[in-house]
Amino acid sequence: MRARLVETDFDIPALLAAVADPACGAQALFLGTVRNRNDGREVLAIDYSAYRSMAENVLARIVTDLESGEPGLRMALEHRLGRITVGGASIAIVAASPRRDAALDAVRRALQRVKTEAPIWKHEIYADGSRSWREQEPLVPTAP
Amino acid sequence: MRARLVETDFDIPALLAAVADPACGAQALFLGTVRNRNDGREVLAIDYSAYRSMAENVLARIVTDLESGEPGLRMALEHRLGRITVGGASIAIVAASPRRDAALDAVRRALQRVKTEAPIWKHEIYADGSRSWREQEPLVPTAP
Amino acid sequence: MKVRLLAFASAVAAIGSAEREWELASDLSVAELRQRLALDYPAIAPLLPRIAIAIDGALVHSSMVVRDGAEVALLPPVSGG
Amino acid sequence: MKVRLLAFASAVAAIGSAEREWELASDLSVAELRQRLALDYPAIAPLLPRIAIAIDGALVHSSMVVRDGAEVALLPPVSGG
């Protein structure tokens, strides 16, 4: 398990190596990348910011939850912060598992949880010089 | 689009770069890897063989079919042949897409089709010196 | 009591800075703290319904009591990934 | 007529080689070719029900007619990926 925030581009071979295991029959990777358009506007870059200490705990909990739910699953999750230009990657999620479907499932589920649980924000920078915060998923405390 | 049989290990960063596009918000990768056990037996390696000309056509058709079904989807698919020892990768499928879910879906669907349509065979080599062909999915011609 | 107030995303401009000390009456509930926020930082008021509050790094319900020295974070809807 | 007979996986041992020339009466259907296979290469008979046949790289139905010079491939169930 490895979950962290980074400031530079991902080292994909190193991430895959970090989860590799001879008992695993599959590795899956998801990379979120910055698109050149969003909601009809031309995007140049995204500034990602986070409540760092909490975000790192949330990312670690997501990985731990998923790993404990699937025998032999091994995951790593990194989210990049700072300015990322079009084509650059903002999130890297990797999983290795004995069952092939489990690796793809784990990556998909981790992505969904990061989007709804991690205190991380996009600030989009447009070609016309304007910018805007993307505030999409309200955080909700778990039941008391 | 790029689909081919290879004899050496995959260059993952090159595969991801081959599908990268500024209009895409996601990249997904699936790697099938050789496990150290199968059906309770200790595996040392797998020899992969293929009906090469037909297999290359089938891989290309899978990629073309999936790309034509999803706007902006870009895929690459490589299958390795020859001897692959435990931990090594036998298949690499990458996809980039504007929609994030589409990249993971495409990779999953390509894998399923390769397993059932491509004339490629595993010959497992066990620690006890024996070997066996794994013949799992009967090929079926499409309706006449 | 004093708490450390952290703001993120659109809440930074509404509060005027990403981090500041904030003087409060002792032992406020989170619900009371939300009311004080709207009074002390009027620009945050329209955002508050969609802002979650974390105390010391954990999301909290409105009945939770805030203690002296707490780290209070204002978290607009998130967009990571 | 002559066809080129290709065998893969477990069919190689049953046929005795991965590739050979094979003399056949002209214009056999694939169904007739299957019967000839079992006669000429008895070791393939038990495998035949699960073997697919491709002519010139395309899977074919049993009614298809095989022409002189065709490439006939014997394809056991596959296990790629």
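Observations on the model:
Chains: A, B, C and D, in written order; residue numbering restarts at 1 for each.
Methods note: a contact is a pair of C-beta atoms (placed from the backbone, for glycine too) under 8 Å apart; a residue touches a chain by one contact, two chains touch by 3 or more.
A quick note: this is a predicted structure, and the numbers were derived from the prediction, not measured.
Farthest from chain B, judged by the mean position of CA atoms in each chain, is C.
For the pair chain A and chain C, the distance between mean C-alpha positions equals 26 Å. Once the centre of each chain is set as its mean CA position, chain C and chain D turn out to be 74 Å apart. Looking at chain C, one finds that residues 81 touch two or more other chains. The set of chain B residues touching two or more other chains comprises 32, 100, 111.
Contacting chain pairs (ordered by label): A-B, A-C, B-D.
Within the complex, the chain A residues that touch chain B are 12-13, 16, 20-37, 86-87, 89, 96, 98, 100-101, 103-104, 107-108, 111.
The part of chain C that touches chain A in the complex is made up of residues 6, 8-10, 50, 52, 54, 57-61, 63, 73, 75-81.
Note for the complex: chain A touches chain C at residues 32, 48-51, 53-55, 57, 79, 90-91, 111, 114-123, 133-142, 144.
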